[in-house]
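Before we start, here is the structure in question, set down as structure tokens.
In this document, chain identifiers A, B, C, D, E and F correspond to the written order of the chains, with residue numbering beginning at 1 in each.
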Amino acid sequence: MRFDGREKNALREIEVTPDYLMHPEGSVLIASGNTKVICSASVETKVPPFMRGEGRGWISAEYSMLPRATNTRNIRESSKGKVTGRTMEIQRLIGRALRAVVDLDALGERTIWLDCDVIQADGGTRTASITGAFIAMVMAIAKLDEEVPFTKFPVKDFLAATSVGVLEEGGTVLDLNYVEDSAAQVDMNIIMTGSGAFVELQGTGEEATFSETELAELIALGKKGISELIEIQKETLGDKITARIKGE
Amino acid sequence: MRFDGREKNALREIEVTPDYLMHPEGSVLIASGNTKVICSASVETKVPPFMRGEGRGWISAEYSMLPRATNTRNIRESSKGKVTGRTMEIQRLIGRALRAVVDLDALGERTIWLDCDVIQADGGTRTASITGAFIAMVMAIAKLDEEVPFTKFPVKDFLAATSVGVLEEGGTVLDLNYVEDSAAQVDMNIIMTGSGAFVELQGTGEEATFSETELAELIALGKKGISELIEIQKETLGDKITARIKGE
Amino acid sequence: MRFDGREKNALREIEVTPDYLMHPEGSVLIASGNTKVICSASVETKVPPFMRGEGRGWISAEYSMLPRATNTRNIRESSKGKVTGRTMEIQRLIGRALRAVVDLDALGERTIWLDCDVIQADGGTRTASITGAFIAMVMAIAKLDEEVPFTKFPVKDFLAATSVGVLEEGGTVLDLNYVEDSAAQVDMNIIMTGSGAFVELQGTGEEATFSETELAELIALGKKGISELIEIQKETLGDKITARIKGE
Amino acid sequence: MRFDGREKNALREIEVTPDYLMHPEGSVLIASGNTKVICSASVETKVPPFMRGEGRGWISAEYSMLPRATNTRNIRESSKGKVTGRTMEIQRLIGRALRAVVDLDALGERTIWLDCDVIQADGGTRTASITGAFIAMVMAIAKLDEEVPFTKFPVKDFLAATSVGVLEEGGTVLDLNYVEDSAAQVDMNIIMTGSGAFVELQGTGEEATFSETELAELIALGKKGISELIEIQKETLGDKITARIKGE
Amino acid sequence: MRFDGREKNALREIEVTPDYLMHPEGSVLIASGNTKVICSASVETKVPPFMRGEGRGWISAEYSMLPRATNTRNIRESSKGKVTGRTMEIQRLIGRALRAVVDLDALGERTIWLDCDVIQADGGTRTASITGAFIAMVMAIAKLDEEVPFTKFPVKDFLAATSVGVLEEGGTVLDLNYVEDSAAQVDMNIIMTGSGAFVELQGTGEEATFSETELAELIALGKKGISELIEIQKETLGDKITARIKGE
Amino acid sequence: MRFDGREKNALREIEVTPDYLMHPEGSVLIASGNTKVICSASVETKVPPFMRGEGRGWISAEYSMLPRATNTRNIRESSKGKVTGRTMEIQRLIGRALRAVVDLDALGERTIWLDCDVIQADGGTRTASITGAFIAMVMAIAKLDEEVPFTKFPVKDFLAATSVGVLEEGGTVLDLNYVEDSAAQVDMNIIMTGSGAFVELQGTGEEATFSETELAELIALGKKGISELIEIQKETLGDKITARIKGE
């Protein structure tokens, strides 16, 4: 049994509020336990300079935390005048992960901006951002699809992310909250599709290492968590959009 | 009658959710119609370098908008690497306004940071920020007061802000939403205390000017709006804290 | 009687040196007591990107102080690598104020840059900058008018600015110098046109508040000061240009 | 057979020139095929502010490329005025990886800076940097050890890194050069210790995904490559230092 | 005869207005023909971090131009967010030149900041800055000397600067104005002391080269100009200060 | 006899490795004693905005040091977020010097970027950079010449640079290493062409001055050193390219 009463292989409670904001083409508030992230999707009818005229789309993500999303207040990146390495890593990861399940040719020459703003943090903000941003992105694309149906729906598969880790006492666990994450010897983020393929696997020993046996356990836990998250995504998006993604 | 059915002298509906976030010492989500701002207050037990050792406190505010708080997406200030002039003006205004009703000597050598993050914008974000930040700040100070009661409660009076303006068709109005604000010839922000004194008055003609008669009308509207906002602040904070502010 | 022997309602001595620099299309050195500002107007035959092709002009202002314009040396903003919030506020104010009396359509697709460089500061630098920049701007526009007369002269009215304030001892006063400004409880900048309309009103309590009675006194003082400043502007610009502004 | 004649499970030729520079406490030029990186280790007798007084050491890494290390010239990050997200990711990775095999308590209150400067790039610059930086770091620590022997030698194990990937035609391969890396569907960096434990595993689908079977193949290839790299590290460092690391 | 009627070996008219500003410890407005520079000297009772506790002083210079000092408006360096290479070169040159004639030990642990702000530019702004900054610096040091006389006066010799150049038509000339400077094939700045020693010699061919004969002519012209400038410095500073510099 | 056994008028040993890197159009590793610089030349088929459409080319140089090229580690300019004044001065100098011997019209609308990266520093890095960059530049131009022969070869003459100085004990010397450079009273960089004309002369007293006699000695030493360096350049480039430069 864990600190917060969960089993080793249990996710925290997930709550998704779709259409959370009035302006964006797609938006959700996703809560994973006490971690809360506003994910919004904005459609822009142009692409970055290096892609112009190729007829392909682009998915770009940005990630930020409110200064007091955390236990002690952080200085704003806008005040510092630069984005930290951690933020860059996370927003590059979110964008890359989403692009793995999007047919950029089918999307056409558009950029979809995903803004993931953490309003409350309790561990797992990057994985919650990916899981939530996927929903917001699909909502925005479904809106385009309603206006002028895509010949081929640009989203090829579902996509969700979770974290797994190795605790000094307690072995491998699913979905670490902040207290567990701080104490973990090994921390791994897993991003998978609805059909069970890996999109990204990032395992890191924090002044520690991990064995092949531990790797196998971590992957098994991650698969379980992700399949539950994808069920929630399907419920939120509804049957019609789910069918479009499945190409039915 | 206005665009959204309000009378000239009517505020939009105000909704205040106290204790909106788990980490800050004080926090609210304030909604003024469709404008929604998360205001959080963080207590830091030190002051800026130029004030150290004087035994006085400081109130500092920061203001930001989520990229898609607005109708079209704005580039993040952290990505641009600098804070815009508009943001600087607003956060200086919020801090200055709050300091007008705080006895910095009574507060002692502490800084209270007010973070005002606009998650949805429909006009009046700076005035909603001030009205909400006042509540968050008082909540944080009341928490300190509960731990070790202040000899003199550091908040001297209530404080709220609203906007008034002159529309080309329709004359002077209270609490402009985005559509009205964009069309207004004159835009004025009024910040007043619970006892009806001015803290700040900022009236601006947008490629236009205004007369003394219009000025008098604008001030009358502002006073009405602010007294209503202060009633809401009193309800939110409760009788006990209200009595502390009144020095009863 | 005040610190420097002036009556409550007296401006400091104003001295305007037109054509102070050889290169700009218009320039003045304006001295208001010991406050000295070089104001220059530069005509550029293009407008900011967001306005291109609309046939309208733009007025843009920049403000700066020499490092030793003040009693103790300030670090240059170019060395700091960024413009302070105070500078941004002031230059936005100068530009906005001047635009209130310019017919941007009549000006045509041109930008007039107003550079206000304070070489010596003794309070009231932003209001002296506005009063001086107005003259420099009109000189530059009059030069264009001489080359190819405007169908409609783009300057619609005179414009000047002054400060008023409430001193702890001595009540309301006109045109605060540095010593008074530092001690003032309330500080208000008033910008008005030649026909007596308000362009901008910015009153601020410095950890203090002000009443409606004080507001009325401050406005009366401001009106008196501005009418005197506008007389000086007329003398400096001469009858011919004054007539062009009045549309005679 | 691959593009450059290698077997699927073959590393490129590795060449290590120890003591490449005269000033640093440790340095190597490491060549992995045409990829060439200068790795230098600098010992500083202080640690970052957040660690002072704890008696523990720190390992910090920086990574850069000469502008013309690549096929087309890149703009210098110093000219751009900021470090790119890619560079930040890489230098955070190098530092984190090295710290996994260093006993920071045994090191004492010192920082070792590892500078990895790529002078010629042909794929695999980050993994060559880690493999080379490990040698430079050990050389610098061995130098400290000669002056005043450590009670416990601070390096706990060997550490090397390599890349593996999935090619569209050709399946899984070890040690991708630039041409292969550009075409790979999946790219994985593996960092392991001399005793065969994982330190970091970063697998990424580039607009693609990968299966568990592919993951197993990639890991097997990586293990083979890393054990060869560690043999080269041992030869370069010599028996005496190898013994110190093994705690013999 | 030159463009402006001068002989080849003639300086432009020099005008020096001492005590030009009220706040700095020393200040002049120096005009060399149409080039006008405000030079101010500020005394700070501390030195840069790397010199603390050594009992020696420091001389530091900054240089800037008003945006419209030149024929076409320049963007402010504060707006660009960085100082240009040209500005850095010039301010390093001014500081280095002045330090050559100051006994930093005699000055004691103080920094003298020289601010050279060009309000109007017509060629030779850096040399006019040096010649003017020398006077401002001596004025500030003389003021310290009056308060508490230095055992040894910290200024060891006079110092002035001028430019010389080679014109395509007209050969070598002294003190180039902007038109000449733009057309010159070779441009040389010479900085010398009152006793005729070189402090700095910077000769540059602009897509051209120069011979030893030309070098000799340029140096002869420079010596003549500098001796005239030093006479003007002596007159401005007066006999008493001149005697202090000469150590009489 | 000097510190390192050289005569007063002796250069350090020069070693030039041509084609040091695989990607650039021209590259050398130049070693002058322990000072080692990688110079690479990159051809870009466009010019800076201010030159477009004129049919002329441009030569642009950048200079940097590895953090541990020096005895103590320097912070990277990319980490600082800005290029230092020293770096700017040096790269402007390198570019300007090379342009003096290039016929930019003959080059056509191309930019040649010279990157000078110091991997080990022991004094004279800027002069070694110029001497080496000249070779790399000529190699790149010769490559263009091979593809499509230039009507007029764009390099008009050879170009090399060296330093000379005045030591407190030992008088004037050629080619200062780091120890000598630190102790020198006067430091002069001389850049000359193959036909013995000056391109740049920069002599600086470091809190010291120099006489005309010393100037003459310094120039004589510089001429000797440069003629030796140009012999080495000719050997490296070979007879064919040497003949092209001589216009034979």
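In the analysis below, a contact is a pair of C-beta atoms (placed from the backbone, for glycine too) under 8 Å apart; a residue touches a chain by one contact, two chains touch by 3 or more.
Every value quoted in this text rests on a predicted model; they were computed, and no experiment measured them.
Enquirer: Taking a step as a move to a touching chain, how many steps at least join chain B to chain E?
Expert: Shortest path length, in steps: 2.
Enquirer: In how few steps can one go from chain B to chain F if every step must land on a touching chain?
Expert: 3
Enquirer: Going by the contact rule set out at the top, which chains touch both chain A and chain D?
Expert: Looking at chain D and chain A together, no chain touches each of them.
Enquirer: Any idea if chain C and chain E meet via the same residues, over half in common, or different ones?
Expert: Same: when the shared numbers are divided by all numbers used, the fraction is over half.
Enquirer: If you average the CA atoms of chain B and of chain C, how far apart do the two points sit, in angstrom?
Expert: That pair's centroid distance is 29 Å.
Enquirer: Taking the mean of the CA coordinates per chain, how far is chain D from chain E in Å?
Expert: About 52 Å, centre to centre.
Enquirer: Touching at least two other chains at once: which residues of chain E meet that condition?
Expert: In chain E, the residues touching two or more other chains are 81-82.
Enquirer: From chain A, moving on to its ring neighbour chain B, which chains come in turn until the ring closes?
Expert: Order around the closed ring, chain A first, chain B second: A, B, C, E, F, D.
Enquirer: Show which residues of chain B lie in contact with chain C when the two form their complex.
Expert: Result: residues 82-83, 85, 88-89, 91-92, 96, 99-100, 104, 188, 193, 197-212, 215, 219 of chain B touch chain C.
Enquirer: Provide the residue numbers of chain B that touch chain A in the complex, in ascending order.
Expert: Residues 21-24, 27, 34, 38, 40, 42, 44, 62, 64, 66-71, 73, 76-83, 87, 113, 115, 117, 119-120, 122.
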